[in-house]
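These notes concern the structure reproduced below.
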Amino acid sequence: MVIIMDTGAAADIIQAVIDKVSELGFTPHPIYGVEKTVVAVIGDKTQEKIEVLRTMPGVERIVPILQPFKLAARDVAPQGTEVDLGRGVTIGGQSLVMMAGPCAIESAEQYVAIGRYVRSAGAKVLRGGIYKPRTSPHDFQGLREDGIPLMRQIKEELDILLISEVLDPRGVELLADVVDIFQIGTRNMQNFSLLTECGRTEKPVVIKRGMCATLDDLLKAAEYVLVEGNNRVILCERGIRTFETQYRNTLDISAVPTLKRMSHLPVMVDPSHSAGRPDIVPALCKAAIAAGADGLLVETHLDPQGALVDGDQALDAPAFERLMRELEPFAHAAGRPL
Amino acid sequence: MVIIMDTGAAADIIQAVIDKVSELGFTPHPIYGVEKTVVAVIGDKTQEKIEVLRTMPGVERIVPILQPFKLAARDVAPQGTEVDLGRGVTIGGQSLVMMAGPCAIESAEQYVAIGRYVRSAGAKVLRGGIYKPRTSPHDFQGLREDGIPLMRQIKEELDILLISEVLDPRGVELLADVVDIFQIGTRNMQNFSLLTECGRTEKPVVIKRGMCATLDDLLKAAEYVLVEGNNRVILCERGIRTFETQYRNTLDISAVPTLKRMSHLPVMVDPSHSAGRPDIVPALCKAAIAAGADGLLVETHLDPQGALVDGDQALDAPAFERLMRELEPFAHAAGRPL
Amino acid sequence: MVIIMDTGAAADIIQAVIDKVSELGFTPHPIYGVEKTVVAVIGDKTQEKIEVLRTMPGVERIVPILQPFKLAARDVAPQGTEVDLGRGVTIGGQSLVMMAGPCAIESAEQYVAIGRYVRSAGAKVLRGGIYKPRTSPHDFQGLREDGIPLMRQIKEELDILLISEVLDPRGVELLADVVDIFQIGTRNMQNFSLLTECGRTEKPVVIKRGMCATLDDLLKAAEYVLVEGNNRVILCERGIRTFETQYRNTLDISAVPTLKRMSHLPVMVDPSHSAGRPDIVPALCKAAIAAGADGLLVETHLDPQGALVDGDQALDAPAFERLMRELEPFAHAAGRPL
Amino acid sequence: MVIIMDTGAAADIIQAVIDKVSELGFTPHPIYGVEKTVVAVIGDKTQEKIEVLRTMPGVERIVPILQPFKLAARDVAPQGTEVDLGRGVTIGGQSLVMMAGPCAIESAEQYVAIGRYVRSAGAKVLRGGIYKPRTSPHDFQGLREDGIPLMRQIKEELDILLISEVLDPRGVELLADVVDIFQIGTRNMQNFSLLTECGRTEKPVVIKRGMCATLDDLLKAAEYVLVEGNNRVILCERGIRTFETQYRNTLDISAVPTLKRMSHLPVMVDPSHSAGRPDIVPALCKAAIAAGADGLLVETHLDPQGALVDGDQALDAPAFERLMRELEPFAHAAGRPL
């Protein structure tokens, strides 16, 4: 860390900070300037002492130097990590992975029908939640446990991978039994108990960025899973909250190349929840591929108008099939088979 | 709801929307204008059908009319709700309630010492967490279960109310045994399993606004507790995320009078987490009282420089005592005993 | 507009609003519900009366129906507008337009050298400012009037179009003499005197979105130019301010397809100012093309490390040439020659 | 500045940076750590070289140490600056200054009538614009030059100070002839030509914070006036843009104590434009006084429902008079006569 002292801080004030650094077990490197003095402190364990030093008299501010995430950092695997999703599908390598499906599973017929067209259009993973974190308790909350047998049935029938949101640490074990990939939703990005439970399984975990989280926060959330020994973490950009009201959230496309530089983990994009309207979803999918995303998570529904959850952002079957065809040339331009 | 049709929408397109409204069981009220047609739909159950209608051809947008929260709305108790915290202390009535203490409980000695000066300075509630939701898993996570006996001891010794953060639905029962007030942290405002568990107890619950949550979101989170039958909910503004970097978060002071208009629930302010620096905390406390807050949640620590968590925003003992004296004239101006 | 009355508003309160609407010359359409009453008012001139009605007793809120911009709206030219930039170059049609160059013109040699490689790499327009709006008055402010002869010389020499920022309404006439395209910077998006002056010329005007402006605001700013009779307006997305600190601003890629739906004007993207760092600029360029942008505005400099302004985001010559080659397949995928 | 090198940067890469620092005329202070090396560079002129160094290979990031504003910094006048507004009124000293009036001057009768009750209620300064920066060109733009004789007449009649917004550098001279205080609106905070023109007069200048500007940006805007020799600058917080939609903007109350720490200039608050609704204005006024504001700028109108501009946020005469009485105890609590 670098401790920046107040302009004109007195010699004894500066000395007290230097002494404190020594007392904490580090070697202080003071640099005295005409207007300003700074004290550099280099070392592995300095981060946790920043707060101690920050309130000392004469300290203007402290600049941390090491990243606060270690296991998720690019340095750990400079060539990038390819996560095995099962059934021969991986993400983070050459191929692009399309995950698609309804927001919530509503019935067996609906789910099978969607699964069929999704799969035949080329998606490798079927999404669909049985637990839905709804902003209001008066809204439909998902099929809950009743959805489990349905999921099992569909998986056999369609020979497809399933991704589903987990909401509660008590639900991890139950869901692990049937889904192939856990999804941590935007509202749970900092639900550390839930992250820890997922870290104790061997399932891949897609962590959606909190709608107000920095990239640093997202990587630190990933760290909660990684630290438990589960290395199958996939980061997902899904839009952040800004003042713009034309779309539900603002897709942060710069996050894609930046996360790839900061971390070795695969990066996905969810354009549907970001947009909250289907008309701009194809443009956002193309942009995500062009920016270097490793996968997409797209909402599609047989009958968006009749959907119980988030129908207003889902593509219907023909629109989804058209999307898959339209993405083809962009995947090709990016040199990545879809 | 009011359905606004596209400019120049054709007659049959408009008719289809009108028919759909009838089919859903409501009475449509079309109003045909020169450039625009709108269809008004009035009723109690219309909200849940908005998504169905939103994607119909020719629909430009839909404006909901009823509030999406019912139990938290001001209409329910226009005179406001006074929540009983125990030991004769209430919040939401005439008196202002000061809650203060360290971010995390570190040891019995520290906690008792802080509890003593906090209480003698006039605070009615002692804060202190044993579970700490840290952004990084590498940071100190609290004493966890080891802190329970400590809390019990302090409560007897100081005859004070305790508020403490609950992180995990599995921890609610355990914590309910010793704390007087649950705190839901900003990162858990939309942890619906946790809110539901708290709703099943009879303990007062302070819900901190998510750092990126709208006031609507906060009230809908409160609804999750209220709907379970627990009416002892207190709202807490603690700063939102903006582009400003001089302070950790931007305290949204307008939330105080606005929440009081939207809801019957008491409203508190946490200036310490918002600021992330102690020097502006007194100014923010005064502003909160002047804006009509029912209570304050302030961080104080015997030795901020030595604190394991968030020491950089805590007031030390003399600063806390000075703060209590400085708030006196503002509480008086607001006509509310502190 | 639709006037939404308070829940339980009394009959005389509602009648007063209805009477006021009639008095203002419109026909009120009240719709009485069990809990809520709304009053719909349809017409061309209703917008300007919203404020009058908004403060009447019993009015909960008012929802405007018509768009507040008229000349920029997509309805005006549903097929889109192709703007003639001069020398046979147009934007908004089939071809993608690359504009590139240094942030500020520093000397004749620098400018000619950059112009040469920019042009030979395929850019049709050379950027370069002689007036620089610097956040601090202590920073380099551009060559100012001394740059005019330089611009004239380069234009002849390279047979290229020039785009340059205009800062002051008093400078419009002078600059119009030499530049081909005016650029309105992000800080001046709502400098209405400046927009009006540009509207009185016949030069194309690129309006950069304010870093905190909504798309509505941007279109209303465009309206200031259009209303004066100058139809050559090009919209430019350049990033908005959010809480993320890894990049200077957050490129709002959703703005591209959304502006194309809202307006008939061409839409460009400036990834360089948004990013504030060169490493992610190529990814953002590709994403912009994929999302449907009509042009790009990219910063490039012979010697970024020696640049007087914004060198830290400029691509050097080899990086710019590589970028142009890398964009080729994405332009092809979008079906638009670069 | 402190240059932070990449983790594991090679020795020759680090040496190149050190050499560059020397070449630029500064003394480098490298500090070699196990994982990280940093190079500290202390001096007065280092800021302008940051961009040069930022793009060198191996540089992770650079942390500036000196503030980018000099004349506005607190250090310049640690005791604070009291600005003389004329007619014996000052701001920044012990007294609180209330400025109030309509957003736009509409007629002589309206303006005199408002001026009368505003003055008798205790305000020292009458606001009222003749140029209105409206987001849309289709809205009322103010009386413009026709308003000048009106202003002159009112000033004589009421013996009051006038504050009015200046929009265009060409209008500064004209307006300087009649107004006592210039107001720079939020949309013009970075209109540097306008700031410079105001700096060339001797009139006090109230600079409103841009709705998306950091405190740093605001102080750098103030610097543009100060650098021209006009020291009569007053900073004004008026709300920033966030995702919250209950109010037009989010009043950043933390800006008040923080600006007082960063700068020696007086700090005002405009709660009316921030809120965009009159009901919460009194609470925000009280909060502003409690937080340490030196003055308030409040919108009031004889007939808010009939106002041509921003009527929906103005207090009517009785509400304004009640406000002044309600602020009394808070001004007293702050030890500052109103």
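Letters A, B, C and D mark the chains as written, and numbering starts fresh at 1 in each.
Rule of thumb we're sticking to: a residue touches a chain if its C-beta (ideal position, glycine included) is under 8 Å from a C-beta of that chain, and two chains touch if they have at least 3 such contacts.
Keep in mind that what you see is a predicted model, and the values were worked out from it rather than measured.
Shared contact partners of chain B and chain C are A, D. Taking each chain's centre as the mean of its C-alpha atoms, the one that lies farthest from the centre of chain B is C. Between chain A and chain B the centroid-to-centroid distance comes to 26 Å (mean Cα coordinates, whole Å).
Chain geometry summary: the mean Cα position of chain A and that of chain C are 31 Å apart. Averaged C-alpha coordinates give centres for chain A and chain D that are 38 Å from one another.
In chain D, 212, 241-243, 245 are the positions where the chain touches two or more neighbouring chains simultaneously.
Across the complex, chain B meets chain A through its residues 47-48, 51-56, 68-70, 133-140, 167-170, 187-188, 190-193, 196, 210-212, 217, 220-221, 223-224, 227, 241, 278, 304-307, 309-312, 314. Residues 212, 214-216, 240, 242-247, 250-258, 261-262, 274-275, 279-280, 283-284, 286-292, 329-330, 332-334 of chain D touch chain B in their complex. Against chain D, the residues of chain A that register as touching in their complex are 2, 4, 7-8, 29, 31-38, 40, 42-44, 63, 65-66, 75, 241-243, 245.
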